[in-house]
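Shown below is the structure under consideration.
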Amino acid sequence: MKLDAKIPEGRLEDKWRNYQLKSQLINPANKKKLKVIVVGSGLSGAGAAATLAELGYDIQCFFYQDSARRAHSVAAQGGINAAKNYQHDGDSIWRMFYDTLKGGDFRSREANTYRLAELSAPLIDHFTQQGVPFAREYGGVLVNRSFGGVQVQRTFYARGQTGQQLLLAAYSQLNKMVRQQKVTLFPRHEMMDLVLVDGVAKGIIARDLVTGELKRFAADAVVLATGGYSRVYRLSTLAIGCNGSAIWKAHKRGAFFAAPSFTQIHPTALPQSSESQSKLTLMSESLRNDGRIWVPLQKDDPRKPNDIPEAERDYYLERRYPSFGNLAPRDIASRAAKERIDAGFGVGRLKNAVYLDFRKAIADYGQQVVQDRYGNLFKMYKKITGINAYAEPMLISPAAHFSMGGLWVDYELMTTIPGLYAVGECNFSDHGANRLGANSLLQASVDGYFILPNTINNYLAASLATDTATVDDPAFEVVEQEVKDQIDRILSVHGKRTVDDFHRALGKIMWQECAMSRNKPGLEQAIEDIKALRTSFWSDVKVTGVARGLNTELEKALRLADFIELGILMCTDALQREESCGAHFREEYQTEEGEAQRRDDDFAYVSAWEYDPEAFQLHREELTFEYVQPSVRSYK
Amino acid sequence: MKSNRLFFRKNMIALTGLFLCLFLIVHLSANCLLLLPQDTARGLYNAYSTFLRENPLIMVVAYALYASILVHVVYAVLVLIRNRKAKPVKYAVNLHKENSSWASQNMGALGALILIFIIVHLVNFWARIKLGIGAEVAYDEAGNKDIYEVTYTLFQNVYYVAFYTLLAIPLGFHLHHGLQAAFKTLGFYHQPGLQWLAKVSLIYAIVISAGFGIIPIVVYFQ
Amino acid sequence: MQLTFRIWRQEQFQDKGAFKEYLVDHLTEDMSFLEALDHLNETLVLKGERVIAFEYDCREGICGQCGIFINGRAHGPHDHVTTCQLHLRSFQDGDTVTVEPWRAKAFPVVQDLIVDRSAFDRIIAQGGYISAKTGTAPEANAILIGKETADKAMDAAACIGCGACVATCKNGSAALFTSAKINHLNTLPQGKLEADQRVRDMTAQMEEEGFGHCSFTGACEVECPEGISIANIAEMNARYWKARLFA
């Protein structure tokens, strides 16, 4: 199958406008006859659901949490980028486009990335209008701060709770449409599978997590907005419920999975402290604006951090990347930390962390200023670790964070299954091999609010002629039975190991072989190990409770079964891509200085994988760079 | 627009409560006359009482006062019933002392004690003076009803002294929380003002309860 | 370390629940409270029992999904903390810890420690938004908002919707939750046009849902993970009267 990204004609600046000029419209009277299912209530899901409802479509929105306000967009701390150039520091759409493309190590589409930058400015207007209390100057204008990987200040923020404020704005708009009876919410409902009728997405099977009942829902189009899948590593910055099941099920039904192994490892999370840990808490990247990262020059230095003199500290980011220093992009900062930790310079009880030090900032500007900027983060650090970070450096460590990979989508955000869309983190689109800080809230919002509502009509206009599918279609019965069988199968294993136990085992393999640094033998072994784990899971997992009723163990088990399969695909992808780019670092392909070595001649394409129970099939979408010449990504 | 009971009831309680707080200031100021030496106190106190009974304005205020007590109690009961319904199951362990004042958690019980006090107080004075129930009240040298004598006689009984003094304590707690809560209920949200209000409420509660608590003891030892 | 958990078990809303005791061993001080429950659940699975149902998601104190009444306090013994940020170092080895679901008529128990907080969503749906359609916004800096105003709105907007305020309130009042959203939106110039209608509708829904009256005990602001001030409730009261009398 030839992958067609459907990039519109024209100059880069005109593509999105040209697309909109040519796309089909649907008259308002007809829109209300069209049903759209949105799975997920995060920034992209709630934004899409609310906006589509405003346009007149009949929307059903599903999410596994008890309220739409809990989706994990809520946890993003630092901010959202927009090329407003309010700071008069030379920013522009073009520069933001270039930063994003370069930040992603030239593994994303020019047209998509440009559109992301182009729509960033109106998005800030949009959120301001919806009541997001962005930080302001005394004179009343919006404030910006800087984030990793760029040299301008284009990040807008609401304290350290930007994601929360944006999500609550989206949630409020969603509720506005609930009141107008244009959106029906299905809280505590998890999508179990996608239903295709004649190869076209026509509905889903969802499980009511309270009663355990399987329910069928039919629609004219299905939108997946289910977020990232870094919980495949078990320990990640994601919410415990975040999962890859919806996109995995879609993948198994025919949607291609793009760049699955591109996973961002965030450099500033709290280190793991024990085996029983369930989650790694993120400390916003904004801390790197004023915090300096270092390790002792001497291995196993027994001294307390404050007792180590300046001359005996290795500020390795400042040393290796003098021009970006502590604000080097995430993949680079994480890898540099891993390099130091692996070399034996790690600090903390388990020697798995580095220091993030605010001594200089406090000395330069005083504690009050630092407190104004990061007070809530310091408070959070104290809550979790019991340590006062004003007095001694924080201990931080890399943690699995964002999935650049996801379902392959074209310029219209449609997957390879007609009628199935993927928006936000669950698609692969705009970030290439590495995402810049404060671009995830942006992409999720832009996808949901601005792009999908302008592209879905192009598909739905054609489907007006055909009747809306009903749940009586035999396809629904078949899929429902398959879901039921899967549930019964898990519950009937009656093995000896808990779901969490298997998840820990999977996480260990993935973190060891498919995280910050990868190599051929390791990945090959990992694939074997995960396959063995899969066999062992289906013969030895123990899940108590019933199918018809609330059963949190069953939920976890179903998600893990998909994670295990996804893990195999991630390793397969990482193995196949014999180059280093962005977050994907293959040890075989590095410069003498240990930097990532891209191989544009052989790998300037998006890997889109087709599901095949025997062996995943690779399809290539060649990346052509018309406007920007891929260069060596240097932050030195 | 339909009135919201959650607001209406609390506002009625707050308004009547504040009126009663005002009344307590007047009542206590006058009662301070009882702290003077007996000879001086008797004349002044009886004259004052006569003035109150005969002034038409005060008579209107008096009816407002009865109404306030009634409204305060009725709405408090309605609020209590709804609050009970809103919290049908209690916690097995609840350390509310760690997050709120004892008085604020027990306004209903404190209010009930105060209501008992008011009833006894009315029987002791109001019923006898206004309704003429019980022994007839004598007249003093100036021709005023000798209310002082009624008070003096009552507070020669050590049980009444104890009752009046002890019940000034729940009154103090009730007022301490009630005064500030009333202002907030009515929509006073000015931040520095709220801190100031907390202090004023404390001083007010101490003065009122100490004042009313001391008077019976002083009269007893006259 | 070792703890005895005394946990409320209840099959579903209609059923009667009861406390059940679990002695849990092999705990460590740096475990979070929820990780201790995870650990307990793993032992229950191995024994073939139904696990304890409890809620969580982000485990970093922002999603608001976790919420348990622990040893007599909403979210446990500390002020301004969510359950997921409570760690076992706050307990002594050998302690007995009583674990109960949020209690309020408007928050019916779903199972064990899980309650239904959809009443909050329904309050928000009655005006907890600014009616701004996508694509209609003016330039962001066209509306100047002073830092103090933005900060004040942000203080109220920080609410995570966990329900600790209702849980700890002896009256089961949702005044802090409702007032936080009203003040967030009514403080900002963008929210002013719908201010009065918002107050009327949201408070009416609050009444409809069966929450109790606010009597300003102040417990809510102590248990609120975001430390949202009770002055918000007073401000909502003022806004209510303004909406009723002058609008």
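Details
To keep things simple, chains are lettered A, B and C as they appear, and every chain counts its residues starting from 1.
Operating definition for what follows: contacts are C-beta pairs under 8 Å (C-beta built on N, C-alpha and C of every residue); 3 or more make two chains touch, one makes a residue touch a chain.
These numbers were taken from a predicted model, which means no experiment stands behind them.
Inter-chain contacts peak for the pair A-C. Taking the mean of each chain's C-alpha atoms, the chain closest to the overall C-alpha centroid is C.
Centre-to-centre separation of subunit B and subunit C, using mean CA positions: 37 Å. Measuring from the averaged C-alpha position of subunit A to that of subunit B gives a distance of 63 Å.
Look at where the CA atoms of subunit A average out and do the same for subunit C: the two points lie 27 Å apart. Those residues of subunit A whose C-beta lies close enough to touch subunit C in the complex are 47, 50-51, 54, 65-72, 74-75, 84, 86, 122, 124-126, 128-131, 133-142, 158-159, 161, 163-165, 168, 171-173, 175-176, 178-179, 185, 187, 210, 237, 239-241, 273-274, 276-279, 281-282, 380, 383-384, 386, 449-450, 453, 496, 498-501, 542-545, 550-553. Residue ranges on subunit B touching subunit C, taken from their complex, read 1-7, 9-11, 79, 82-83, 85-96, 98-101, 104-105, 107, 177, 180-181, 183-189, 191, 194. The part of subunit C that touches subunit A in the complex is made up of residues 28, 30-32, 34-35, 38-39, 41-42, 44-46, 48-51, 53, 55-65, 81, 85, 87, 89, 110-111, 114, 116-118, 120-121, 124-126, 128-141, 143-147, 149-151, 153-154, 157-158, 160-161, 184-185, 188, 190-191.
Residues of subunit C that touch subunit B in their complex: 19, 69, 71-73, 77, 79, 98, 100, 103-106, 168-173, 175, 200, 203-204, 206-207, 210-219, 222-223, 230-235, 237-241, 244.
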